[in-house]
Amino acid sequence: MLSVRHLSISFTMYDVGLRRKDLMVISDLSLSIEAGEIAAVVGASGSGKSLLAHAVLGILPRNATARGELMFKNEPLTPTRQAALRGREIALIPQSVSFLDPLMRVGAQARRAAQLGGHGSAAAEAQRRAFARYGLASAVERLYPFQVSGGMARRVLTALATVGRADLIIADEPTPGLHPAAVAETLGHLRELADQGRAVMLITHDLEAALEVADKIAVFYAGNTVEVANRADFTSRGAAGLRHPYTRALLCALPQNEFVAVPGAQPPADALPPGCLYAPRCQWATAECRAARPTLRPLTNGYVRCVHAEVLVGRPACNYPSTTRSHTQVSRC
Amino acid sequence: MRWIVFLARKLARLIVLLAAVSVIAFTLVSLSPIDPIDAYIGADMLSIGLEQRAQIAARWGLDQPAPVRFLNWLEQLAQGNLGFSRVYNQPVSQAIGYRFATSLALMGVAWTVSGLLGFMLGVVAGAAEGSWFDQAIRLYAYTLASTPLFWMGLLLLTVFAVWLKMAPFCCAAPVGMLPEDVTLWQRLQHLALPAATLSIIGIANMALHTRQKMLDVMHSDYVLMARAMGESPWGVIRQHALRNVALPAVTLQFASLGELFGGAVLAEQVFSYPGLGQATILAGLQGDVPLLLGIVLFSTVFVFSGNTLADLIYQIVDPRIRLAEG
Amino acid sequence: MELTDSLSTPAAINQPVAHGRVRRAPLISRRSQALLTIVLCLILIAAVLAGAWLIGDAGLKTSLGERNLAPHWQHPFGTDWLGRDMLTRTLHGLTLSMRLGLAAAAVSALIAAVLGTLSATFGGKVDLVITWTIDLFYSLPHLVVMILIAFVVGGGVNGVMVSLVLTHWAGLARVIRAEVLQVRQSDYVQLSLRMGRTPWWIAHHHLPSHVLPQFLVGLILLFPHAILHEAGLSFIGIGLSPNTPAIGIILAESMRYLSAGYWWLAVMPGLALLTMVKLFDILGGQVRDLIDPRTAQE
């Protein structure tokens, strides 16, 4: 349903002295999502993943330049088309209630979303149905955003996005700060939506959350997609199906696994290495890696951006990898 | 119940404020190189007999030490007696009342016009950030913010009264006419230029503030979300921006009464408009202590009311404050 | 974001197309712009002062043969009813207003700094009293209080100075108090205290870098206010004696001749005052942009 190819987003910023620089926050991101599928985009916090959502919706800030190709239902996604489809066929579940008008009751905002989503005069009815679907009492309609929090806030935001008949739902960081029960509930809603035939893009830094519901996982590092894997690759024996060193390291870093972090940090957008972006931290890096940036290529039913992927696939990623969430941990990357 | 507490607290504040102001003002005046007896009675009243002078002096305790005088003054105040104005030859309360009514017309018009127009300009400028319109409004507002109000008055006077002869040269009504005979239209005519002066500068301030708030709103998360929901730019403004900008704008308007009053003083001077502003100047220049003190107290109440109303509006309209205990 | 369809060539894919309005980069960075503007403002201000000094008092002499002349080559600002050159009078007036305004603003700022720091440092009763006083001043209309104070002091230069000083400190005091409070409650100060440093050492080390920028900006921005208020007071007639060429007085006198059509008597000096005030405003704004750590990185 949605096809993103070679998307790159850069910002024009002002540097010290007389220089103006272009900060490339996303470079060469490719992803496709089919109906009924949940595709997760997993990457570190602050790595610009929300920009992907904004790019698809067409609401990037003014100083952002986007290049690449976006296709929705096999038709190009032009700005005009984006303006027409926003809120109707493509909907956003935002990060928090700070994305709601603080002076407007949530019910009224949901009704407005319904109106914009194409329900017209039946907006009130649609809103009530959406609220009921997510277990929100009618009293919630009259609450203001600052009065809803935690799990209820999540449900309100989800209801807002689904009150229309959107075929593509983008969930931007739906799990930060929630306790496990609420996380499970939220993810469950997303699964439900996918099962109804919609496409869901789940943007998150929480790998475990992604693994609970996603069918496909695009791993994001320093603005690049480094791997597009399937859930099976993670859950298979030893997680041997994983292709990219970073993905493997990510999985192994989880508390229930080795809980070992890879030394170093993501390169900042204005100081990217010339070759493979992960090379400085990679234990398998060779001169070839540092020379030129690898391209994303298909490999065993997925995609990878690594020269040595063939060598890695088939080897266990780490000892006794588990993808189930441990009880005590809070997800981090 | 909350409102009663709120109002009671504000009232208490006002009383304390007035008390402080009166103490300070009174102290200042008694420290001044002006003979209180002269100030209160004035050279014009030399004609009254010595006994009457002594009577007045006794009533106001003018030959007593300052603290006693102060208490006497407070006592008179409590009875509603603010003293006698030498400048206008009438009781201070009457002088203030009449002049305030005149000023009120002027300030009311300027306040309303600058509020409405300033708001509209600010909203448009903020919504159309970077456009030529926004730049024009910014230029206008920034320039006017540094413009001396009385000079602007002189400019308007020159252009409209002298060159174009479109407006009267001074005062609140045609000179020589009895107050009863002055028509509303004539009043408005005389009001126009001073009100325009006040408004032009008031609009600039309001527009600047509103524009800034508008920019904050337009760059906020919820506006982004609104666009993601499919709102058109106009839809965003109507459904979200206006509501969020109106609140700070209105409170600003109410809190700007102090500025308004100061501006009125200057405007009235330029156009010889006989309002409270001009009364203040005359009181200061001619050493009319009772009138000056009276005006100081009155303007304190006036400005305080404005600030309180601003506060009140915020309490009532912003649900985050109104429902805070919910 | 413009979209190329799937059949487009790789070259076309890489065409950058702006979304909405892309901010055009200025030729020089914001920082350089700010510096340039500051230097320009200072030069212009110095020029006015130098100009007043250079032009001397020659123009102030009455010259009855040249009365009421509209602006022309010899007298760019025209002449007044006594034949005095308006340009000279304006320049002198500006200098006078500036001196008064600057002096008053400086003293006011100093009071604000002291009271603000004391209030935040000692807290408790001291803080209560000072905050309450600040609120008191916010509830009074400036001009009325200034008239009262000027009257009490007996008018003249002293009256103007004292009234200016006493009415302009409140705003800056509030700002400085907030800054000092912030520093005081910050983690690194708490740490310093715990590590055994004395409050004096902390104040010595941490306060200036935080408070100084705000103080400087506040000070610069006080000038235009003070200058305008001084002009206002002079205009009203409460303040300097009618013979001193202060802008306010020049403007007040010009009122008498407006109906005769001698517009330059009011327009030119006012324009000069406006420019002066604007220069200080811009100066203050640019200094703030440069110094304020929050906006300095933009």
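Just so it is clear, A, B and C label the chains in written order, and each chain counts residues from 1 on its own.
By definition in this document, a contact is a pair of C-beta atoms (placed from the backbone, for glycine too) under 8 Å apart; a residue touches a chain by one contact, two chains touch by 3 or more.
As the structure is a computational prediction, the values presented were derived from the model and not from experiment.
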Taking the mean of each chain's Cα atoms, which chain ends up nearest the overall Cα mean?
C
Remotest chain, chain B as reference, centres from CA atoms:
A
So, what's the distance in Å between the C-alpha centres of chain C and chain B?
23
Roughly how many whole angstrom separate the Cα centroids of chain A and chain B?
55
With centres defined as the mean C-alpha position, give me the chain A-chain C separation in Å.
50
What parts of chain C, by residue number, touch at least two of the other chains?
21, 23
Please output the residues of chain A touching chain B within their complex, sorted ascending.
54, 57, 59, 83, 86-88, 91-92, 94, 98-104, 112-113, 116-117, 144, 146-147, 160
List of chain B residues in touch with chain A within their complex:
221-222, 224-231, 235, 239-240, 243-244, 247, 318-320, 323, 326
In the complex formed with chain B, which residues of chain C make contact?
21, 23, 136, 138-145, 147-154, 224, 228, 231-232, 235-238, 248, 251, 254-255, 258-259, 261, 263, 266-267, 270, 273-274, 277-278, 281
State the interface residues of chain B toward chain C in the complex, per the touch definition above.
17, 20-21, 25, 28-29, 31-33, 130, 142-143, 145-151, 154-155, 157-158, 161-163, 169, 257-259, 261-262, 265-266, 269-270, 280-281, 283-285, 287, 292, 295-296, 299-300, 302-304, 307
